[in-house]
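Heads up: the structure comes next, in structure tokens.
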């Protein structure tokens, strides 16, 4: 994994960890509920993608740094909740970066297993939106991706572009950059 | 896969794609939400069954025709929604055919992996009802199979009959026919 | 599997089968809905754990005794519902034993696949609480583990202690005993 992709991965985990634990706090959950929801949101998409690709046990359940970052992000959100509600705008950027980062890493992983365009797009999308879907299902709500169009659209297009670029042999850094812009 | 089974497979995908996207439309989702829900309903049961049987990546995420049929069925439903609401009766038949087709193909796949009666019945049932369960969970409702008895009963019995017939060495066409009748 | 662990396994399946089917009855489901919910609650955690560890098809879908115990527990609950509502206290003990038993067996299984502390704790926890999460999602409610703290805490600590004990080479019986006490 390149340095850029690895950094993006941690940004994504942090962003989704915050988003999951904020939802837990708003639903009136206590510390453990908030941590569980933050953890599931941050790592759930990657776990589902790994299972679908046959990578078992999933990286997120074995590789400690990912779990630690998810846990710390959730813990910090629980402690500094009032700060975060005042910084809504940066959070949306973090969410967008998280989606882009996860779509890239998911698409990249799928490509290494089987370079089928359908698989690359599907796994890229599932990695990116899976955590949010888990968060909303556990919170007993209709998943946001089903009701807010721009959200998933950008991820699907991003994964698709990833495949085309990869297929035409362009560099990895370049398409990650593009995924981010989108 | 025999021609009859393959045809039944596409009928099943179409029927569940329509059922999923109609639910999305009724919930007021926009195009992408409707397509995602139709897609998940049509292909979700098969994906879960493949994962449980250790077939990774799942066929529905690699084999393009299945995905295309699911997408087209959902798109057509979105465009011609008003027509479909007036043809409720044929839809129920399509749903029944879909359940029968998916139960048959799931049971058949499970049998080829491990001819245990429990597995054949369970995978046949999961393949058939899995998509509908995903549809209802994503729509934030109690799954229909838990509240409408005849629905799952027929699928479980169908998968059971499939196993008995297969075990006794009868022809494939015959038991698919029986699954349909039930 | 040791005799103690196997016995605990059946106690766990019975306890969760009862808890799942009681929820189904309270939600006004009919026989098949109740059986399905009891079955999913009793066997779901183990199935998810098996998939995450790469054990496919999952034991609970192949090994008949587990499925039979789950089905019988659910059937008995459906028939003798009024009796069970008057014995709420023993049920809470059964639930605690079930959590301890499933956390132990999940942690033990994970350890045999990969002795990573994170994996052992995560799989132990998922095996124990997975069935209850499935039960609550299918019932269209926020999972209990997210709102009642002591519940998951004890399971996580139990799985953690299991790992430490195992790592230090202590006997299996001893740590199962400890998991139960916690």
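Residue numbering begins at 1 within each chain, and the chains themselves are lettered A, B and C in the order written.
Convention: a contact is a pair of C-beta atoms (placed from the backbone, for glycine too) under 8 Å apart; a residue touches a chain by one contact, two chains touch by 3 or more.
All values derive from a computational prediction rather than experimental measurement.
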Classification of the chain B:chain C interface as same or different, half of numbers criterion:
different
If I superpose the C-alpha trace of chain A onto chain C, what rotation angle comes out, expressed in steps of 5 degrees from 0 to 180?
120
Distance between the CA centroids of chain B and chain C (whole Å) is 29
Which chain C residues sit where two or more other chains touch them?
51, 54, 137, 140
Chain C-touching residues of chain B, taken from the complex the two chains share:
51-54, 110, 113-114, 116, 118-119, 122-123, 133, 137, 140-143, 145-147, 149, 152-153
Can you list the chain B residues touching chain A in their complex?
24, 27-33, 36-37, 47, 51, 54, 56-58, 61-64, 67, 137-140
